[in-house]
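A, B, C, D, E, F, G and H label the chains in the order they appear, each numbered from 1.
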Amino acid sequence: MTDPRLKAIIDAVVAGTLTPADAEARLAAAMRDLPFEDLGYARVDHHRVVRQGFPEVVFGQGKTPEQIAGIAERIVARGHTLLVTRANDAAFAAVSAAIPAAEWHAVPRCIVWRGAPPDPGHGTVLIAAAGTSDLPVAEEAALTAELMGNHADRLFDVGVAGLHRLLHARDRVDAARVVIVVAGMEGALPSVIGGLTASPVIAVPTSVGYGASFGGLSALLGMLNSCAAGVAVVNIDNGFGAAAMASKINHL
Amino acid sequence: MTDPRLKAIIDAVVAGTLTPADAEARLAAAMRDLPFEDLGYARVDHHRVVRQGFPEVVFGQGKTPEQIAGIAERIVARGHTLLVTRANDAAFAAVSAAIPAAEWHAVPRCIVWRGAPPDPGHGTVLIAAAGTSDLPVAEEAALTAELMGNHADRLFDVGVAGLHRLLHARDRVDAARVVIVVAGMEGALPSVIGGLTASPVIAVPTSVGYGASFGGLSALLGMLNSCAAGVAVVNIDNGFGAAAMASKINHL
Amino acid sequence: MTDPRLKAIIDAVVAGTLTPADAEARLAAAMRDLPFEDLGYARVDHHRVVRQGFPEVVFGQGKTPEQIAGIAERIVARGHTLLVTRANDAAFAAVSAAIPAAEWHAVPRCIVWRGAPPDPGHGTVLIAAAGTSDLPVAEEAALTAELMGNHADRLFDVGVAGLHRLLHARDRVDAARVVIVVAGMEGALPSVIGGLTASPVIAVPTSVGYGASFGGLSALLGMLNSCAAGVAVVNIDNGFGAAAMASKINHL
Amino acid sequence: MTDPRLKAIIDAVVAGTLTPADAEARLAAAMRDLPFEDLGYARVDHHRVVRQGFPEVVFGQGKTPEQIAGIAERIVARGHTLLVTRANDAAFAAVSAAIPAAEWHAVPRCIVWRGAPPDPGHGTVLIAAAGTSDLPVAEEAALTAELMGNHADRLFDVGVAGLHRLLHARDRVDAARVVIVVAGMEGALPSVIGGLTASPVIAVPTSVGYGASFGGLSALLGMLNSCAAGVAVVNIDNGFGAAAMASKINHL
Amino acid sequence: MTDPRLKAIIDAVVAGTLTPADAEARLAAAMRDLPFEDLGYARVDHHRVVRQGFPEVVFGQGKTPEQIAGIAERIVARGHTLLVTRANDAAFAAVSAAIPAAEWHAVPRCIVWRGAPPDPGHGTVLIAAAGTSDLPVAEEAALTAELMGNHADRLFDVGVAGLHRLLHARDRVDAARVVIVVAGMEGALPSVIGGLTASPVIAVPTSVGYGASFGGLSALLGMLNSCAAGVAVVNIDNGFGAAAMASKINHL
Amino acid sequence: MTDPRLKAIIDAVVAGTLTPADAEARLAAAMRDLPFEDLGYARVDHHRVVRQGFPEVVFGQGKTPEQIAGIAERIVARGHTLLVTRANDAAFAAVSAAIPAAEWHAVPRCIVWRGAPPDPGHGTVLIAAAGTSDLPVAEEAALTAELMGNHADRLFDVGVAGLHRLLHARDRVDAARVVIVVAGMEGALPSVIGGLTASPVIAVPTSVGYGASFGGLSALLGMLNSCAAGVAVVNIDNGFGAAAMASKINHL
Amino acid sequence: MTDPRLKAIIDAVVAGTLTPADAEARLAAAMRDLPFEDLGYARVDHHRVVRQGFPEVVFGQGKTPEQIAGIAERIVARGHTLLVTRANDAAFAAVSAAIPAAEWHAVPRCIVWRGAPPDPGHGTVLIAAAGTSDLPVAEEAALTAELMGNHADRLFDVGVAGLHRLLHARDRVDAARVVIVVAGMEGALPSVIGGLTASPVIAVPTSVGYGASFGGLSALLGMLNSCAAGVAVVNIDNGFGAAAMASKINHL
Amino acid sequence: MTDPRLKAIIDAVVAGTLTPADAEARLAAAMRDLPFEDLGYARVDHHRVVRQGFPEVVFGQGKTPEQIAGIAERIVARGHTLLVTRANDAAFAAVSAAIPAAEWHAVPRCIVWRGAPPDPGHGTVLIAAAGTSDLPVAEEAALTAELMGNHADRLFDVGVAGLHRLLHARDRVDAARVVIVVAGMEGALPSVIGGLTASPVIAVPTSVGYGASFGGLSALLGMLNSCAAGVAVVNIDNGFGAAAMASKINHL
């Protein structure tokens, strides 16, 4: 947290190019020029694009449309790309009233406004999904990966009960630099793909299932206990988080 | 529970070949000649071989060596095959003192005495195990299946992280009439095998694993949520139960 | 996955009945003639009828009506029997617009179109249900079993709190080749039936209950811990899965 | 908590048979003459025999042998019956050093010294156990019931997988005023017995089982969800608690 | 299950007062005259009033209004008291169309028709509830207890955070022959009441609470672990079950 | 529970300033003048302001609008401050019909009527919230704290993923006498704040999150396992409870 | 993290009392003079006594005796009070070899060396324990509280099943400034005490119990759901944590 | 799974350089030359070094010393690096008898034999551990990372309760290409580090803790719910798995 500007101010004072009073003023200004903006109900973290390579993403669930629109405006005002996940119609109405160019992505339920283009990633991020019911999560991952500058390859409905559907697409698996695997129910697909590829695999359990799937718990536990090496897991239905991890890897 | 002997007694009384007093005596005898034997601490169910096709099997856990030996003697005295599961050295010592020909099977921790040969099953029961650590459970299943008259084929260490090991043995999978699949950790193997074969699959989760395997819970949930049709599940580490189910199917 | 067609192509090349160029073309065609059809959002597995004895069944939950109708059309176009489980009115509207002869089964919430008649099973599949509230699951099992070519016998409301209702129907239990037992709450019925019959028992826990039934968990655990041999379990409310297992057994 | 002695003291002061100073002294004495005895590490509740009909019972687990012996001495000093549950050899050694007549009951692991005979109950308490492995819990219940003045009838190894063993003893079930049912694994026996008898049933789940029995959780949930009316449940392995409940009922 | 009528038939045949053919006919009649009535979707258990002292009670949840009305008609047709628990407006509309005298009890959501008066119990059943939010469950218990012939005393909002409210009513606690204690959240009230009274206590956890109450789990566990002797527990929100248990005890 | 009035009555009788008959009358009055008011469905605890420093607070969930309004009237009739938590529009309509000056606080869903001013606390209670979605819980805490006489400082959206937002406000953390920390998801904020301040920290997990947050369980467990000393936890979403604890501390 | 020393250095440079080179040197020294000491396997936090009012406490579990002794030496070398919790004989042997004056406290399993006397707290911390088996946890709390400068009052074996034992000691409850309540099983004691006192209550669930206590889970949930206001909870068996919280409050 | 050798054989047959008979023989040889070696109890996967970049790693838990030594010999015979995790003294004795150069690493309980040097990774893998008790897991990660060709930087005891210890080492965090964060208890460290760095973070929950840590569950849930983007999680105590993932990333 030690700020290099402090040292610069010292040097300037010593060099006589800065009076003590100006030094104090500049220190105060540095404090005002905070790396976040305080809206009362939110502190928008504008420095995140520097620290993390991508602006703050708005988690829409549990926020009012007004709060979402308020945060969105502050992000867009800086020219940063806007991504609101887990949004709904009311949130999109509020955001598009303020930002007419905002886009609504229905399948992953996301709001997007495209700002400065991101640094491009070095390879392809493959998003493999076990079943058609997993599409909302898989699309959230694919959209996020693309917004973060990655090329996304979608490979859907390749669950392990019909293994030939996956083996037929093995070249696409081999071609990917990072693989995101989305699956509900027993969550076995990451283990199978993890055994086939040398690329890192990010597993996303989904809440698709019923009964003893317990809202995605069975897929989550299956993935955490994967016998394949090189598999790591994110939260249930967290397509965004998987893509954020994949993008960090793909930008190394 | 209506006993055909009751009708026979009526008919005999009517036919005059049985006096009422004799009828009463024979009824009393029928009551004494119970389908179980009462040892106080246990009621040995000798009719099970009739109802279920195999004698009562002794669950060794939680019983004293003396109790196990006492029950074992009553079973062997009828010439029935003895199988004690989840036994230990002390139990085997007590049993072999009473039944010198008893065998100790170290890997599955079972005591066996072979009685009248069982009806042979119609095909092969394949026991597939995901890893070497699953062997105790897999061997309990294989031993039980054999004692019940089935041909058992053992296919071990074919977990999904190295899928080619399973695909290489696909003909053995196809040749089996019933498949028992034993796996811990994420428990994905039954889904993969269930997708390959038209035979019924009985899945056995094992407690092999650590951390979030929670004593076999992850494998159990994975198997219950299998996206493959034709898979049913037994309790964690229940190799015996899987073989009993397989044997009932294989004797149809 | 080694395809016998590869060997045939070798032989033909050697025999001079196939030029190398034609061999390449035929190999490419074999690749195109995939055992599945790619709709983008789904890969319909047309080979399943060969591998498993029944066409792919559509799990309706989490799919849009359009996706369900699209998949249904591809299945019916091949003359395969269509079964959509966990469907709703909107899904049926979309399917029947495309396939006017489709049937709606309200109690089990299934969509059906009857294609080529299946191979008949060898005996009767009994579906026993503990209570009236278990009927939706029990009917899903019965309908599935019938579509797969089995004779289904329905025995409902025979829970263990009034044991005489079950014992009265014991001949129907004895006559079945496979027994499916559907129960919620404490899930004790499979243990009782498993102790009475030599046929394999497939237990289906239901989410019927309240409080500490925890959505079917109590019935599930009860069935997994059954002290009766020859009982295996499927997922909570999974009537379809139980019937698929029963049908595989009944076709042996 | 208002004590009738307070009113008596008022009346005596008013009547002039007690001086204010004496009133104060008698109040102080009443405070000293507490219904419990303070040992620092324990407050022995000697009034419990009045409030509850049986002296305080010592839960041995987690107490040192010295603490157990110390509490035991205070109970025996009043001539009250001593019952220590969940004891071990060391605890018994310490107690018998202080109370030579103390008895050790090995199966239920209890220490007993018989004091003033209890009020006799009005009927028989039947203790039914599903399996031989449930004996330690069943014997704790039977011993406790007897010490509390009840006639106990032991009916062991009558689990639901061999229902005829229970039906054969149905007259003993019908003859009981209260029934305690002890079972592990799926815990189905209370539902079956609850459906047969008009007497209240107290269900005791045991930790007997493995895998998905989760230390008795499956039996507990099964019993709580019993579809039979007139069944209530105590903690896992709590034979003592079941007998305390049964005895209260049997003394009404 | 051995029926005394069988012996009577034997005796009559022997005595010559019954021909073998008549004996067969009477046996067949006995079989027809089943203790239940089969509606296809339900087997109404008319013998329960004999076995259990109260007619079958209809669990309304998960049944259609038509099924509930159909079962209700068969019960009322025998003059038995009707009690439907967990009902709703639609169910009451269907029932009252068929049985105009049916009553709707809004707080506990029950449908009632009063048939032959029950045997009166011997004392009072006290229903103590911790908070106002527990009233639906407490009223289900009170109504059931009254329908089963017991005098019910309602003592509401006496939770342990204001202990004086309970201690003030201690005479009503002491006067009860059986106590039902209904509580949500931490479920501590049964332990406190169990320590004060010598009567048996039946504890009913409720789903009242939020957060870590996990739908009544916290109250359930609290009650199962009660340190007071003479407390047994029923399922979460199971006011009916508690009253059925209490009534069995109160009729001893 | 020994009431000092009893001693005063004794002294007065002895002093001759009270006749025995008057003493009895005054005792009876004391009994009538109970510290609660019985509405049948509720026993309003008017003494709580004496015992606890704040009137009884009404937990709105699970109560009907009529019950809430009835209890509210009795509290306001004494001039006590009214606070109804977890209320809704219908409850507010019923309350404001009876108490026109009642206020509706929409974010925390509370009803308030301000009675006698409370004792002021000695310092500031800081309410720190990790994210915007946690505001309803944080505002419930802040409002409660203010009604109980404390100065509340709101510091929102300072979650650990952007640590500089918290460090920037460190002086406000240091200035607080008690800190309430509200967080969902991983619930890490109390550990970080607990490591920075010497003041006691009360952690409130929220149900904000999805997937493996399991309704706030992850945040709850995180806070209970905090490696920082001086952190204690209340129930999930229990802003009221945290403020009640904080206020007790702040009034010491 | 902005350090006031930085400003002092600026001022001194400006004032000419410090050369730029000396400023750099002093900055480097400030960096070396870290508030922790790095042992490789541990970073001993010597500043904690400043930030928190008490030195770092060593959590003994999972550390080797050598590691514990190494950390202990560094703490004692500064004259800080040493407290090692969850220690064992081997750890004490290693510590006392290095620090001969170290004390062993057997009941709470703690190692202590008394350094500079702490600031005294303002009142009494009462430690109430429900049962004798809870003593190890209660003593850990009492010892910690004393080492941190508080007067500790021990009130043991006052569980709710014998409420008079607690009510008898009500004056000690009223006299405490902070109350720590230690209880296992159903964990009801904090609710009862919380309803009696205006002081803040810190609840400590213990793992005392069996069966459905699930290692203290039942007590934990009970305490989190307490209906009494002014109760906050720490981790299971965390006597240390409760005392740290109490001490922070008692030093306000 | 299509093998390029098949095409080569076709071409050779066509070219006349291979007779059909030789083609068959070579096909058979290809089948024998399997990418695994079958030991009966294990199928050693020698191709894994090709598919995954590192030889098969032996999971020691649940295997006998003989099995471990047998597998180890087959790996070393090929010159592959041997790593056995979760080993013990007996396993090391058996392995070192066969492979004298095998090393024993006591802290992480691993057996190692160094074969052909691995491809070097491109940057540093930082292993940050929250506490001293987490060292066994952290060292398993560090050792694995090093064996796989990565430079490992160890940063231990930087838990969030003393945040300055981490901030002091921020340059080492910034310098790492991949960060592994190991933490038990509340598992908050990955969120804090994930917010500071742009590198991917792999979180490893450990079973360090007690009470409500439930064997690492609290840390696991905390990490899965991390509000920081770019964090993925492996199984509890799975240091090996984290390093395998990190190494795959570091070799991209």
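Rule of thumb we're sticking to: a residue touches a chain if its C-beta (ideal position, glycine included) is under 8 Å from a C-beta of that chain, and two chains touch if they have at least 3 such contacts.
All figures in this text were calculated on a predicted structure; none of them were measured in a lab.
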To reach subunit C from subunit B by way of touching chains, what is the minimum number of steps?
1
Show me the overlap between the contact partners of subunit D and those of subunit G.
E, F
Any idea if subunit D and subunit F meet via the same residues, over half in common, or different ones?
same
Subunit B and subunit G have mean C-alpha positions lying a whole-number Å distance apart equal to 54
Rounded to a whole Å, what is the gap between the Cα centroids of subunit B and subunit F?
59
Give, as an integer number of Å, the spacing between the C-alpha centres of subunit B and subunit A.
51
Dist(centroid_CA(subunit C), centroid_CA(subunit E)) in Å evaluates to 38
List, in ascending order, every residue of subunit C touching at least 2 other chains.
1, 131, 162, 167, 195-196, 211-213, 217, 220, 224-225, 229, 235-236
Could you please write down every pair of chains that are in touch?
A-B, A-C, A-F, A-G, A-H, B-C, B-D, B-E, B-H, C-D, C-E, C-H, D-E, D-F, D-G, E-F, E-G, F-G, F-H, G-H
Residue positions on subunit C within touch of subunit E in the complex are 131-135, 156-158, 162, 164-165, 167-168, 208, 210-213
Subunit D-touching residues of subunit F, taken from the complex the two chains share
1-2, 6, 9-11, 13-14, 20, 23
Can you tell me which positions in subunit E touch subunit D when the two form their complex?
1, 51-54, 57, 122-123, 167, 177, 195-200, 202, 220, 224-225, 229-236, 240-242, 244-245, 248-249, 252
Sites on subunit C touched by subunit D in the complex
130-131, 159-163, 185-188, 191-192, 194-196, 209, 211-214, 217-219, 221-229
Subunit E-facing residues of subunit F, complex
1, 34-36, 40-43, 45, 47-48, 56, 59, 61-63, 67, 71, 86, 205, 207, 215-217, 220, 235-238
